[in-house]
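Next up: some structures, all given as C-alpha cells.
Two complexes are shown next, each including chain A; its partner changes from chain B in the first to chain C in the second.
Moving on to the complex of A and B:
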C-alpha cells in the first residue's frame, strides 16, 4: 500500500511541477525581459515619467508662467532646484510640466504612424498587386527624404506648432511601419494556418486581423517602442529650430533654444532641459532594446 | 559591372521624378500668398498681381509644373523670395560646407563605430560589451543640439580652443562634426556589434580559431570582413539621418550650410528655396544610396551583376 501511495504522490508532484513550468509565450517573454536589469530600470523610469505627466502639475512648487523679476537667471538653489530663467520662472516646475508635452507628442505621433503604417502594410502585403505597388511607391518616395527633412517640409506647409509637429512625425514614421508589416504579411499569407483559414471560408478581414496581424504584433511593438524615443528627439529638435512649440510653452527643446542666449551667464537654463530629454529618450531606447531581445525567438538562453 | 551601374542609375530615375513631383505639389500647399510676401505688406493689389505674373504663379498648376521640370533640367531652381537671388547661387555658396561636414562626419563616425562595435561584439556579455553598448545607446539618445552646447561651453567658452560659429577654417568643422557624428557612430557600433556576434558563430570562424590563428586575425580578417557588407548598407542608410541631423547641428553653430539655409527659408516661407533644398537633400541621399548599392555589389561576390 505505501508503495502505491508513493507512486501516486510522485505522479501528483510531476503534474504540479509541469503546471508550474508551463511556458506560454507571454510568460517566456516576461521572464526574458526581467533578466535584463537595465531594461527593468528603464521601464520603472518610464512609469515614473507617466506619473509625472499625469500628476506633475499638482506637485510643482511654482506656476509655470509665474514671473519673478527679482530672481532672474539664478543658478540652482534651495528655492529653485534647477534655477530660474530670464523672467525668473522656476525651471524645475517648467521641466516637470514639460514632461506631459514631450510624452504626449512622442506617443501620439508614433501611435498615429503605427496605426496608419500597419493598416497600409497589411493591405499591401495581403492584396499585393496594384494597391501594394502604390503603397510601396509612396513609402519609397517618403523614404527618399532624409531624416528630419520630411518633418521640416511638413511643418513648413502646415505652419509651426505642436499639433503640426505631431502630424509631421506621424507621417515620417508611417513608412517604416508600413514596410515592416508588409514584409511580415507577405511571409505569413502563404503560411499553412492562413491557407487553412482561407479554405474554411474565412473572410479577408478575418484572416488579416485574426490570423496575420497577431503574427506581426511583436515586431510592431518593438518598432513602436524604439520609435518613441526618436520621435521625442525629433519633436524637440523641431521645437528647438523654432518650428514646434511656441513660447511660453514649457517644451524642453524650446526651453533649450531659449537658453542659448544665456550660454555665458546662465548655462543651467540649457543644462536641465537637455538632461530631461536625454533621460526620457534613453529610457525608451533601453526599454525597447530589452523588449526586442525578449521577443526575439532566435535568442534563447 | 558598368552595365550593373547603368541599370542602377536608370532604376533611380523614377524615384527621383516622384520626389520632384511630390515636392512641387507639396510646397504649393503652403498657406499664404507668395506674391504678397514678395511685394510686401504695403503693396497695392495691382503690384501684387504684377509680381504674381513675374513669378509665373498666375498660370495653371499643370503649366507651372512643366515649366518647373524644364527649369530643373536647365539647372534653374527659381529665385529666392528672401534674397531675390537665384536659388542655385544660394545653394552653390553653401552646399560645399554641408557636404564637407557630412563626409568628415561619416568618415570618423564609421571608424569609431566599427571599432567600438567589433570591440563590444568580440567581448560579448563581458564588461567591455556592456560599456560599449551603454555608450552607444546613450549616443543615440542624446539630443544633438544639447550636446553641441555642452561642447561649446567646454571647448569654446572655457578652454577657448575652438570657434563657436562659421566655417572659415578646419577648426570650425570639429565641433559641428562631433555633434552630428555621435549618434551615427552609436548606430554603426550597435549594428556592427550584432553583425559580429552573428558572424562569430559561423563555422569558418571556428575553423580559423582551430588552426591556431591569433584572435585579432580571426576577428578582423575573417569575422569583420564578412560583416563589412551589412555595415556598408547601414552606413549608407544612415547617411540620410546624417543629412537631416546636419540641419540641427548647423543651427547650433550658425554653420553656413544648407541646413541653416533651410531653417531660414522655412521661417520666411521662401517656397522656391524650400522646395529646392528639400530636393537637394533627397538627391544627395539617393545618390549615396546608389553608391552604396554599387559598393555592396562590388563587395559581395554572391550578387550577380548580369
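Moving on to the complex of A and C:
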C-alpha cells in the first residue's frame, strides 16, 4: 500500500508540475526568443522605429522642407542634432521623417511579395505537375538575377518613383517565398493528417489553407522578417541610384546619395542617413535570426 | 562571447535611442536670410611655387582628369566645350582668343571687310606647316572654308557657317577672299569659334573617320591616340610656330620652355575621385573642381586651386507664350522672388557672381544692368496685380544631373515663399532634348513651361549670346529660344548688330537689346559661372578660357 501511495503521489506531483509550466508552442517560442539577447534588443529597436514612424512627425523640431540658407552644411550642434544639409534643412528631422518611408516601403513590398509567393508556393507544391513546373521555372529565372539588378530592371521598365520601387522589391522577394512554401507544402501534403483530411472529403482549398498553410507559417514569418531588412536596403539603394524617391523626399538612400557630394567637407550629411539605414537593416536581420532560432523545432536548449 | 555581442548591439542601439528620445518640440523657426555672397573673381589661391622651370617641363608626362569622355575630334561636329578645348590644342584657328577672350589673328595675319560686312579679305601667316608636313597656305585655308560650307556633311556645326558662306576665292598664295550671302558683323568672331579651327587638307580629303578620330592641325600638340572611355593622349609639337616670335609676328604665343612632353586626358566622372587623384599625385591637372571640394583642395599645400569668372550665364527660362508667363508682371514677380545671393551661396557654393546681363562681362558688347533685389513682398504684389493673388502651379523640366537637381530644389523652395507651386520634372538628358530642344510647333502648344539652362557664346560675341536664345528664328527645334520669346523690337536690334561690321553700330544695337531684355525678362538671369581648375603646385600657367575650355598654352612644370 505505501508503495502504491507513493506512486500515486509522484504521479500527482508530475501532473501538478506539468500544469505549472504548460509548454504551448507559443510559450515555447517566446521562451526561446527571450534567450537571444541580441534579438530582444533588436526587437525593442524595431518597436521604437515603428513608433517613430507613427508619431515622428509630432516629434521633429523642424519642418522637413524648412530651409535656412544662412546655416547650410553645418555639423551637429545643439540646434541641429545631426547638422544641416546643403539647403540648411535639419537632418535630424528629415531622418526621423524618413523612418516611415523606409518602413512603409520595406513592409509593404515584403508583404506583397510574401502573399504572392505563399499562394504560388502552395499551388505549385499541392497540385504539382504543370502549374508547379511553370511557377518554379519562373522563380528560377528570377533567382538567376541578383536582387538589386532585377529591381533596377523593373524600375527601368516602370519608371522611377517609390510606388514602383515597392513593386520591384515585391517582385524580387516573391520567388523566395514561393520556393520556401512549396518545399514545406511538398512534405506536408503526404503527411498522415493531410491524407486523413482528404479521405474525409475536405476540399482542396480547405486542405491548403487549414492544414498545410499553418505548417508553413513559422518559415514564412522568419523569411518575412529577414526580407524586410534587405527590402529596405534595396529600396534605399534604388533611391541612392536616383531611381526611387525623388527629391525633396527625405528618403534615407536619397539623402545618402546627396551627401556623397560633401563626403570630404561635410561628412555628417552622409553619416547619419547611413547610420539610420545600418541600424534599421541590422535590427531586422538580428530579429529575424532570433526568430528563426526560436521557431526551429530542431534546436533544443 | 554571445553576451558581449549582445552588449555591443545594445550599446549601439541605445546610442540611437538617446538621440531620438530627447527630441523636444522646438518651435523656433530660423529666418532664411542668406549670408552675403560677395565673391571676387580672378583669385588664385595657394601661391605658385614654380621657380626656374627650364625646358625640363617638356620632358614631363602629364595626366589630366576630366569629367566625361570627349565626343569627337572633329571640330565641325563638336558641340561640347571640353572636346572643343582639346581640339584647340591640336589645331589653330584663323583667329583665336587670348586669355581674356579678345580676338587676335592666329593662322591669319589680318583681314579687311567692306562696310556692309559681306566681303572679307583675309591674309594668312607665312612659314607655317601642318604637323603632317602639308604647308599652310591659301589652298589649305580654302579646303577648310569649303568644308564649313558643305551642307552635305550634316555635322552638328554644319549650320554654324554654311548658311552665310556664298563664295570664296584665292587672291594669291597667302590671301583669300570670302563673300557672304548677307551682312554678318560677327563673322570674324565666328571664325575664332572652336568649330572653325583649321585642319590639314589631307585629313579633310581622308573623310569623316579621319577628321573625327585622327585630327591633324598646326597646333602646339599633335594627336597620339584616343582610346574611347579610357584616355586621349597628345604629344608636344616642338616646332610649333607659336614658340617662334618671328613667325608669330613679334611676340611668341608661348614661352620657349612651356609645354609638356605628353598630356594624357582621363575621363573620371566622379568628382571626388578626380580630387583624390590630384591629391595623391595620380593626376596633375583637374577641371572643373567640384564646388564641394574647393575648400579641401585649398587646404592642401601640394595643390594650386584657381577660379575665374567665365562667360557661362545661368538662366531660368519661362515659356512666354504660355499662361501665366505671357504676363511680364509675372516674370518680374519671379525675378523679385529669387534670392540671387542665396542662389550663388547655396547652389553655386559661392562659385559664381550675380548675372548682370544675358551675356557675361567678358563677352564683346556686354552691357550690364542692376540685378533686381530680393523682395518677396513686391513679388506677391506683382502677382496679385497680374491676377494671381494666390499664386499658381507650374512645372519645371530639367535634366537630372546632381547640379541641376540642386538648382531645381532651390527654385521650388523660393517659389513656394510667394505661393507658386513649382513641380519638379527631372528627366534623362536625352528625354529632355527630345521634349524641349526637339519640340516642334508653336510655343503655346509645346510641353515646356519652365526650364533650366546655361549658355556660353564661344564666339565671344554678343550675337551668339543673344540670337540663339531669343530670336524668333531660334525657337526649337532650330535653336534654343526655349522662352519662345517674340519681340519685333529685339529682332530689329539683333539684325542691326548682325548686319554691320561697324563697331559703334553694333555696340549701340547690342546695348539697346540688352536693356530691353533686362526689362522684358524673357528668362531670369541668375549667375555667371566661375570656372574652376586645380593643378599640382609644380605646374604653372594652366588657365581656363572664359567659355570653359582649357588653356594650357603657357603651362609648364618645375623641378
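In this section, the second predicted complex is superposed on the first by the 285 of 301 C-alpha atoms of A that agree within 3 Å, B and C clash if a C-alpha of one lies under 4 Å from a C-alpha of the other, contacts with A are read in each partner's own complex, and residues count from 1 in each chain.
In this section, a contact is a pair of C-beta atoms (placed from the backbone, for glycine too) under 8 Å apart; a residue touches a chain by one contact, two chains touch by 3 or more.
Keep in mind that what you see is a predicted model, and the values were worked out from it rather than measured.
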Partner chain in contact with A:70 - chain B first, chain C second, else both or neither: second
First (chain B), second (chain C), both or neither touched by A:253: first
Partner chain(s) touched by A:180 [first = chain B, second = chain C, both, neither]: neither
Which superposed partner A:170 touches (first chain B, second chain C, both, neither): neither
Which of chain B and chain C A:159 touches, first, second, both or neither: first
First (chain B), second (chain C), both or neither touched by A:44: second
Which superposed partner A:103 touches (first chain B, second chain C, both, neither): neither
Which of chain B and chain C A:267 touches, first, second, both or neither: first
Touched partner set for A:81, first chain B, second chain C, both or neither: second
Contact residues of chain A, present in both the chain B and the chain C interface: 242, 260, 263-264, 282, 286
Chain C contact footprint on chain A (complex, rising order): 37-38, 41-42, 44-45, 48, 52, 58-62, 65-72, 79, 81-82, 86-88, 92, 96, 242, 246-248, 260-266, 275, 279, 282-283, 286
Of chain B, residues touching chain A in the complex: 15, 18-19, 22-23, 26-27, 29-31, 137-138, 140-146, 149-150, 152-153, 157, 239-245, 247-248, 251-252, 262-263, 266-267, 269, 274, 278, 281-282, 284-286
Complex contact set, residues of chain A against chain B: 137, 140-141, 144-149, 152-153, 155-157, 159, 229-230, 233, 236-237, 240-243, 253, 256-257, 259-260, 263-264, 267, 270, 273-274, 277-278, 281-282, 285-286, 289
Complex contacts: residues of chain C adjacent to chain A: 2-3, 5-6, 9-10, 12-13, 16-17, 19-20, 23-26, 28-35, 271-272, 275, 290, 292-293, 295-296, 339, 342, 345-346, 400, 402, 405-406, 408-410, 412-413, 424, 426
